[in-house]
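There are two complexes below, and they share chain A, which is joined by chain B in the first and by chain C in the second.
On to the complex of A and B.
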């Protein structure tokens, strides 16, 4: 009842807003109908090419000025040398690249032993098995070198991102103006497609690992900044007081009071940095970064599905291992020993690690297999798996199903939908989006939508932008059709909620690239594979937030529904779902953001959208065009982000859930 | 004093060819690797040859168009396969900017264009003329392309301008880009099973011609400037309204500074020249026999000692 009472005045206020939204919608429909009737002048249907400002050229001029005349290139090339030295160092240690200090590669057995010890130290036997097992699998399957190529960049990029993120986070917390400047930049950075990070990285930081490391680092910084600021803001006044009373200087306050108190948030930030770095390092294969990603790209391209699958497993294992270990580190509190505990007891794990490391180093001198799994010695079953998968796909039923889905979805659903979206005149489309933003969020968001989408139209990439949007919308809708029922069903019992949440959590740690594997396996290089890969990627947050939303419905509400004799269906539709909707909207938003991310990566399969143009720019030096395309994607994603998040926040307040 | 230095330098320079063999720098020679098999194997073959020559070698995976910029800047030392049709433009552009040198042509002659396996001719007897191909566009239709025909083009980063040609010649085809070269072979392989007509991007030298006999589609003959001047070619208002050159070169290119820094390796590079069958064989070892590229290079070097040993100093 209280819900009813609070929504009433809100809906009265929203009425005028709703009218405006309907007005915008009506105008859009009229424009579209005029177009269908052939009455709309061509310049209203699509912006004439002559009217498109040459943003790319202007940007190129600006970039060239900064790059050459202001000497940024000289500066970055100077930084490149330092970075290259670091990367060569880790590359030498991990896979024996012939550079300083010329002592690597470390035998795989020694690395596996150390990983197991670290796992044990952080989380007991389970993590020890996970850590050691991952390394043993990687070596025995014959992917040690490429995995270490990936890890050697990760080992440099993640600490860099951590340090830069931490410093910026502290600065943003200390000086409000930094915070104000950083916030909008961060939200653009988080929606900018990854390909837009890659090209400047190559131009400024040289092709190869350096560019990969730079792009990866920049991509992983934003969550670190956010988590640092969040943690520092939450430090309780008592702790600060205590620090001040013991006479700490400013530096001491930060080092000994603030940062230790914000430890948990900062470590959560570290976890996110590591996971993002891994996901990105794999994607830098597109600019020629060798390693797991490059091999996966090559294998998927050649339909060697068995090998792709094995590499996918390695990537997933590494991701899960890094995730679990860094999460265990978050909850592990520092251990304190009694005064007088002997050194070896305090550092038992460290000593064990060193002992095993040295031990395996020595053993591997005697037994070469323990140092390196040679060619032909690995246990890769690529070819057999290949035949197995191809055999499975050749079973009549499977073939008929995928063939039917391909034909049905394409011909009956997707292509008509795409053609419909393309048939809407540009101004009508912009009005539609504005109406959508107005009805959900309000005037401010509607204006943003109007401006953002007009900019996309001005960029001259409208048709490709619409096709991008079409992929996102169709994939997210299909994902909702599958993901929401799963979430609703799972949330009925505690046991299944936990299980599905665990699956979702794990799936979210997978680098996005991995999601392309099943799509290509089932559907080959077709439009459906693109939609399918986005679909499974976007389904994860949808399911997850549905479960979380339904489970956090206040028990009083469900009890009240039970007491008034509601059936299960009535309870679900009239009580639980409306209350869970704001949380589910957050999931929806995340799904859309994921979809925007994935649709660009899926250019690899072969799309007709902005992603393909973006990938094409990677082959040249068109920094301006690359940037314009990236901003187009970012603007569309931001429109949805702003609108849906505002709606969820409003709804939560109205429902009294905050 | 100054004169003396000049004379000394001149003297040293004239003597240089005699002493070059010991003068190679210890820095690694950076060899780029791209996304098609023959180039990967050839790069490994040349890398292993240079290693025998006493050089340190490193491989980087790079984009096949962007590589010319990298060679120009010295980030990458050489490029083994400059195809006239595909990379001629990028190579010439880099050459104009300076920093990249032409190290001569391979023996091999290249052609790259729309191609079909022989069985396609049964469904579309007018081939190889492009007008005939266009008339039976419907034969090549798929679920995704509706009533238009599908043409499977090379990966986007090869910049094949298939789309531009379809528009310039007004063809009823939809251009779909394959993810990699191997995706093209998979498509031909899949089509072979039920003798489905396909038209895909292909090139020679390539192992594919031995496995699947086929022909290139005959487009309006290539005329210089077809990619720059709209008035050239049958459509006066469009670029790319011609086929690709039918006998293109396959060139080696190197960073300007290579000769001074690794004179001995440069001398080897100058002598290297592969033929069409040799290149096809390299590609086959990876694409059909499923060897790893390094392994394929080792095997090739083992089997063809008579070819390459004379190239070393």
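On to the complex of A and C.
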């Protein structure tokens, strides 16, 4: 095929595409102006109440049918029993809940020793210190029991999510129709706000750890499926053929060839499962699951910043420990021992672990402190920290700064912006989004945008949806104002790139919940705190992908720019940024997804958006409404996801970066 | 099955890639060229190939990348299902085999070596070599014994517990070779086994391979894109282009009488004197005087003698029997590179 034949129709289409996008935009502007002039009929400004179909009721009816008439509830209650047994088991081992097998709790010293040995085995001294240190900190600060409550759910939910994800991943890889069914479900699941998982979990699986474990498991499954199929698809064709020529049956192929060869991707999946489980298990505090999350929620609610801070540190330490260890496991390669190495040397780490475990068990029989840090024995500095933080906030300069930021942002920026967004008539708003999708991605995405946002309008929660969107857009814009310059500056030297990337990587492992702590510390329980918490959460991917985008610009291009006599700024604007843009767009997309996630959680601080309503549904059994709200958030997030990812992929192809 | 029946025999084999290969092949007008097929939206990976491989023979399939040589060898072992024609292995039509029979055939009769080795990264050398034995359910002790034996055969003693990534490329390919030999296959497929290795190691591995072949005497299908390698190893060479076999003959004949322009281009830069043997130049009915030459002597080997000798016809013997006589001028022409 000739070059002209392929480019000509494409450019013709792009032209008409741009015209359509401008047309949509123009129509939106006209509608808005009509509204401002008072000429727009009310039913075109907002959908009248009467026209809102009662989705919630319909969904409720469907749920009730599935739940009672089809007997799903009976099934899930049956499953609950099994799950409860497992959770009781881990609860007994870790913090001594009085259930079978009644042997726990394991002394904290023994757990810490084992964590240190595992850390050493996986990644040397640094990880040993991290593993042991985290456990020692948790015990000494007096949070052992709540931390173990959290871990006992994690210990069940993560393996469950791993097993289910692995099997579904294998199925999706093996049967194309499973893949076709699973793909759209996964993308919806990944954008569905977490609160939407919680209520069905509660209704079907009983309040408390079981519901928490179920919601956590389901939330953590998608990446495992994706990584499994990715890994299996990447197995080298020669290895597959070698397996076939060795006479493997289908089962043997899977067990001995495919899965071991996809080890890296599968373990990356394990890492993601663990991290998502930790993030989620903390959030299950909202449905009354005891543990670190619940304690943090209570402490923040009563504005005890010192204790909140300490719990935050524990959560962060646990997250970093789990992340580093599972990542070290990914890159750990098997090593051979010389012939004749004695048994104890081959299994030195296993034996050391067992010895230390047994040793500390025995010691703790004699010294109770080694078994359990009792009341009043811990080293918590909650009160002192509290005073310190409050003192800091009361320093005139600090107070003036936060006060100014609060007033300025609220009055000058955020509230006017919000009111502007709310003033746009619904159809105009939908057209705007469609025009945005059309100009960036194309017709397919524009139609999705149109349908998705129309559904949101039909749900009857339009104003709250717009407020949600307003929080997301303002927080991501502010995050971009800060994050992009940091990324650009850092990418100038290798050293700073590495440092900032390390910070971003670490920050990304923190469960989203802890981002609320600094926000509340600085701004109290206010709107600004909401925006601020989303802002820092969304800044991480923005900065990270900016650095990665700029660093992956091929060196011969920057060299060509240098040799053409470009100044630093010229080089940045005309060579580096355009080439980095597709990668940066991925960062933008992730920032928006993170923001949608965070804005719902921030409902805890007090917002007027969909999240607030969602959180309210958790108290009841209003499953229909819960789903309608959740799906609204999901539809909005999906629109952005589809559009931006399509744009980035197109751009990458055009630039020949892939 | 008679003794000299071919081990692998393929008749008019087609392998077509595309949306509906079978339908396309059935309705295709005869004599369509590779490019015409491509324009119709299909790729002819193997195009109407008929070839036999005999017991104990080493057939080298030579061609540039994309010529279909790897596809053809994968049809022999049914890693690819063919679109048309028939392939029989030891008299059995392999397309009619059930999955179970096919697995059985591979477990008992076939071994294959791959270009990038295809080793399982999570298994040690010994476990990789024992893998085919494990798959067919041999007990731990026997397979260990056998694996140790083969590892020794390829010269990797002492490295049994290493993991593939701890070995050099040449050593990894030795593991690949050992694995393919573990089940004592009758038929041995080698898909560009030395292409990924650097030139010095490649030479060493070729020598090693010739040594093994002399010991084991397998039926071999060897794939390469390197014409020198083909000349060095082959009993017969099949030269492929665009999925079809251009010429299939002994190295001497290919060098002396290239069938097509394409083949001739390959032979252009070859030192024919190192390839052509006395046996090929000998004329059956002719007789000569004096001491006979061995049929396996290359023209290069007899160069000094050719120059000093004065006979016109030199007798040639195979074993102890005279098979004819070689005109000295023909040999000199080859030595001096004159066009014949």
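Rule of thumb we're sticking to: the second predicted complex is superposed on the first by the 638 of 658 C-alpha atoms of A that agree within 3 Å, B and C clash if a C-alpha of one lies under 4 Å from a C-alpha of the other, contacts with A are read in each partner's own complex, and residues count from 1 in each chain.
Basically, a contact is a pair of C-beta atoms (placed from the backbone, for glycine too) under 8 Å apart; a residue touches a chain by one contact, two chains touch by 3 or more.
Since we're looking at a predicted model, the values are computed, not measured.
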### Task
Superpose on chain A as described above, then tell me if chain B and chain C fit or clash.
fit
### Task
Identify the partner contact of A:33: answer first if only chain B is touched, second if only chain C is, both if each is, neither if none is.
neither
### Query
With the two structures laid over each other on chain A, which partner does A:303 touch: chain B (first), chain C (second), both, or neither?
first
### Query
What is the contact status of A:163 with respect to chain B (first) and chain C (second): first, second, both, or neither?
neither
### Task
With the two complexes superposed on chain A, say which partner A:70 touches: chain B (first), chain C (second), both, or neither.
neither
### Query
Is A:398 contacted by the first partner chain B, the second partner chain C, both or neither?
neither
### Task
Using the touch definition from the top, say if A:336 reaches chain B (first), chain C (second), both or neither.
second
### Query
Given the touch rule stated above, what does A:289 touch, chain B (first), chain C (second), both, or neither?
first
#### Entry: In the superposition, chain B vs chain C on chain A residues touched
B
### Task
Give one of first, second, both or neither to describe whether A:481 is in contact with chain B, with chain C, with both, or with none.
neither
### Query
Once the two complexes are overlaid, how big is the angle at chain A between chain B and chain C (Cα centres, nearest 10°)?
150
### Summary
For chain B relative to chain C post-fit, closest CA-CA distance rounded to the angstrom comes to 46
### Query
For the complex, which residues does chain A have touching chain C?
236, 238-239, 241-249, 252, 256-257, 260-261, 263, 333-339
### Message
Residue numbers of chain C touching chain A in their complex, please.
### Response
74, 77, 79, 103-104, 106-107, 110-112, 114-124, 131-132, 134-136, 158, 160-163, 165-166, 176, 179-180, 183, 189
### Message
For the complex, give me every residue of chain A touching chain B.
### Response
97-98, 202, 206-208, 285, 287-290, 294, 297-298, 300-304, 375, 383, 406-407, 410-411, 415, 524-527, 603-606, 612, 615-616, 618-621
### Message
Show me the residue ranges of chain B that touch chain A in the complex, using the header's touch definition.
### Response
28, 35, 56, 58-67, 69-70, 73, 75-76, 143-144, 146, 155-157, 159, 176-183, 185-186, 287, 290, 292, 295
